[in-house]
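Both of the next two complexes hold chain A, though its partner changes from chain B to chain C.
== the complex of A and B ==
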């Protein structure tokens, strides 16, 4: 297009020049237009709308809004219920992240062992949770946690962890176990992704380190302890940050397994936002304030992740 | 000794640790995949077998009844159609728009390029929880609640896709572009006839990501759909399960779960290598 206008014999010299300058820029913006408009409408503007909402009290079932300044934030920060959701969120993160990463690294080391033709099969079995949705995960685990014919309790009894089915935990019905139950389900879904990242990290470690250690007579455990884990630290750090972010945002499993209950035993910060905004009497101003508090936490984690990304380049 | 064993014919080169690692891996692998394995087998059990104690993994008599119930009593066919339309539209749009934007950022020169690129990347840090209430209000105000428009609109563009494809476009030698320009080939034609065919692998990997994350979406379809006819599979199975409290069977629920898993599982089995490489390279789930 630009070429043909240049060839036009009747075109005045000045317009040609102007077009030559204007058209490439215009063309570039046309290529970008869908992405920029989409992000503007559904990401950038809502950042402000959300903050504006958080400064208002919105009458339920009506369009009446009243500016209340930082009242919503004050309400939250002085509410024992809200601090409880913060506490539960941190327990949830503590339950899912460290065990999830430890398990993923152990599996990655095992998978890096040359096992020959069956490797793809083992990998498929261990990676497969990565394609399962949070909703389906919730459904699958609700079945495993079934109070009468649940596989999990039954197998735990078989393994001698509990004496009989009556002694086995009431996974979703008791306040003590419900959080453990959603932690197990969420950590399971997250595992496939974690192993993939950990395995990539393990495979990037140069063989020569191991060969040198073997010559020095280091055993398997010593090699893991003194070579694999230190050289894996950038990957471990990345896994830590990304898992904390994902755990902060976990929603589907909780919604399907416990709906935040029993009581408020599994009401995390994200769940509380959903409940405040969409369940019962919607209070979208208050929910937006909660969303802002959560976003600040998640964005600071992302920021740490981006800021340290360059240091990982060697290993990833 | 070590030298001798290494020289032994292949078949004899079996060490104890090899067997141990293989056994361990198959045991752990089956344990991890167990929730899915149980769902698949449960979906083929008769109602009485589903709730027998002690629970067995394998069905005694196989039946397709659960799938018939899931398909007819609950409109799982309709849910499957909805999920396909929703995920298909999102994938197509994300690939198309990301290819275009990535081209501009990687190849074209224009004022504001770097600033805009950082803006696009920056949007990756914004958690969905921060924007979903305003988005819900906007979509509702436009009258798109409970429509395909409402399901797909907020997800038609992908900053992640732009980033991933730009990285790849940058590796294509600039000489190709210069040569094409000299031959009178415009940007649009160069993009679709030269660059895109060269980048099939990356674009394919991104399309898989886009599809899986759209297919597995939960929070947004949950709040934006209100009628049974508009539910996606993920939402359909959630409401189907809530009928269990009123005495429904687990068998059809598991059949529904298997229907919801199958397309993603097929993609995983066909494109495992690309998917795994993509996740490992980008560190993102899409």
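== the complex of A and C ==
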């Protein structure tokens, strides 16, 4: 090092500069390498393979493919059944996301009040569904929804809402209720996560704002409307983005509760991909095309979220 | 500039890491082996069984039997492993029939294909089309094994023009299970033989009048009851004689017989005889076992399970259309398929195993533990089974239902209806039928309209599949 300074100060300075520039980048990538390689193998390479697959019809036993160009996409976009899954997916997202976030914020505000020694208990109570796997949630709700021996209808009858089990809604068997039933189960499991995030946001708000508002004579609803919600907006925005993506990808509950039925009433885009690729007679090319359409849709939804909702976010 | 550099460096790192990993991986297993072999002379006794296991031929066997059925399969596999010291069979549970079938299809691309796989009835055509089978008839010929060992319905179901393509193992037929206590309480005669659809409903009316249960009948909309009642009514599912004399190009389930069957099944729900259980098997059992329905449609494979109910259980044949006589049922369940490993010795070992599984001793125990009926003709006269059936008549119903099936028509030709359909995309078409129930029950289509719509979709599946063979 010392010698090189003697040889030519200007040249040396530039190499050192260059090395200073290259090495940190290289070093950073070295640290990142384990993750990047994992991502490469499990995410990036499959993204390309799956695009290639989407241009082919593939025999169920895999060893025979026919190149069909964009035919899979054409088939999907001209199929009434496929547009129906798109419609159902949007209904599902609309059903889970706003209700989920609204409930979470309400619970978070309630939980942020000092509830004494039992605070940890209530928080745990609400968080428990998150750590339960979606399969278990599915089985649990299946028992609640059972049309003949289900608890939900049973209690509705006991409470006098319906005369007998036959008159209570057939949660999973009727087209009108099946989507609602699946939305309830999914929102229930996601609720705990949303509450924890919202609670952190609520607790982050400086007490002095409330004190000032109280001095000005603001009531509790006014305080929530003018202080809590605006200051919570970064958290709400985060929840919105995460929940939209999560709902687009919901699978476990649907698979256990309805398997996309009755008919196709709960076949969302993700479930349709699974069904096409892995159930019955698999058509992996068609499924890959569906995956691409879904990806484009989720990405554009996220862009729309950022473009519209983020303007309303108020950072402290 | 910066981004180019980072891409380059990322590439370098990846190359370096891959290069670093690859050579390291190869010598790794070899290296410790040599010193271990040299150093473990005192521990030779311990090493001996391990070495013996290494000499054995290991076979991978995938099956789709969960719960008590899975335990019984493992018992039989253990028995095989203990019976000789040349072959070790490693049995793995792969989930449902659909899961196992799909795991197998995926394994053709990703590797790790098993030597033997248990695949369900509907997958037969695809299995043949994979071109990766060692057909059972080849091994039977080589071994001098007589295919007449199997009862004709079983042999017929799993045969192509050359002979049996797979080894029968767990065969079943659908049954009606009924709550005998309820029939007694209502003073109604339990079903004898196969009832016609209107006789069935009349019986339901009597039960309903006696108010013994909220529902008369319970069934999940799973596709099987449509296929089986169609066969029982003499209707064909596919053209080309149910896909038995050629690759089917069209479905035929939307003809008169199919409509009559579908009309019956959907009207059971719309007229309040059955709950609308959507596309499930499990809710069917829970409805019947909690005494919310007097009769249930299920496979004979659940006899031993359902018999444990806290009430007396009886079994009967499934019903048939008013417009036809009873024809009988098509075979259900699954068979053992031998996949070509490319190694003659492995294939022979696999043949030894599936032969063992179809041997009288195993078939007898399998039947008595589960309810899947024995697939061998010689067991029909077995004295031990005769006593067993006398004591447990519910186990005999399925066998009787199958052996009394009319395999030939009045004019002496083959009754393709009861041979069961065969088509590449049959699993997908079954799912179309499952979804079709809702078109009637929720969307108010007539059975004819719903089946026509289903037929259109099913024909598209057939065309898409057949295009690979043009």
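Following the convention adopted for this analysis, the second predicted complex is superposed on the first by the 254 of 316 C-alpha atoms of A that agree within 3 Å, B and C clash if a C-alpha of one lies under 4 Å from a C-alpha of the other, contacts with A are read in each partner's own complex, and residues count from 1 in each chain.
Everything that follows uses one rule, which is that contacts are C-beta pairs under 8 Å (C-beta built on N, C-alpha and C of every residue); 3 or more make two chains touch, one makes a residue touch a chain.
Since the model is a prediction, treat every value here as computed from it, not as a measurement.
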When chain B and chain C are modelled together on chain A, clash or fit: clash
First, second, both or neither for A:278, with chain B first and chain C second: both
Touching partner for A:110 - first (chain B), second (chain C), both, neither: first
First, second, both or neither for A:92, with chain B first and chain C second: neither
Chain B versus chain C, judged by how many residues of chain A each one touches: B
Partner chain(s) touched by A:148 [first = chain B, second = chain C, both, neither]: both
Which of chain B and chain C A:288 touches, first, second, both or neither: first
Touching partner for A:264 - first (chain B), second (chain C), both, neither: second
Contacts of A:36 with chain B and chain C, given as first, second, both or neither: both
Chain B versus chain C as contact partner of A:22, first or second or both or neither: second
Common ground on chain A, meaning residues reached by chain C in one complex and by chain B in the other: 25, 29, 36, 142, 146, 148-149, 278
Footprint of chain A on chain B - complex, ascending: 18, 21-22, 24-26, 28-30, 32-33, 35-36, 38-39, 42, 50-55, 57, 93, 96-98, 100-101, 103-105, 108-111, 113, 116, 119-120, 123-138, 153-154, 156-157, 159, 162, 181, 184, 186-187, 212, 215-219, 222-223, 234-235, 237-238, 241, 250, 253-254, 256-257, 260-261, 264-265, 267-269, 272, 275-276, 279-281, 283, 285
Complex interface listing, chain A residues touching chain B: 1-3, 24-25, 27-29, 31-32, 34-36, 38-39, 41-47, 49-50, 53, 107, 110-111, 113, 115, 118, 120-144, 146, 148-151, 154, 188, 191, 193, 196-197, 199-200, 238, 242, 245, 248-249, 251-252, 255-256, 270, 273-274, 277-278, 284, 287-288, 291-292, 294-295, 298-299, 302-303, 306, 316
Residue ranges of chain A touching chain C (in the complex, touch as defined): 22, 25-26, 29-30, 33, 36-37, 40, 57, 59-64, 66, 142, 146-149, 164-166, 170, 172-175, 178, 258-265, 275, 278-283
Touch list for chain C against partner chain A, complex: 2, 5-6, 9-10, 12-14, 17, 98, 102, 105-106, 108-109, 126, 129-132, 214-215, 218, 221, 272, 275-280, 283, 286-287, 290, 292-293, 424-431, 434-439, 441-443, 461, 464-465, 467-468
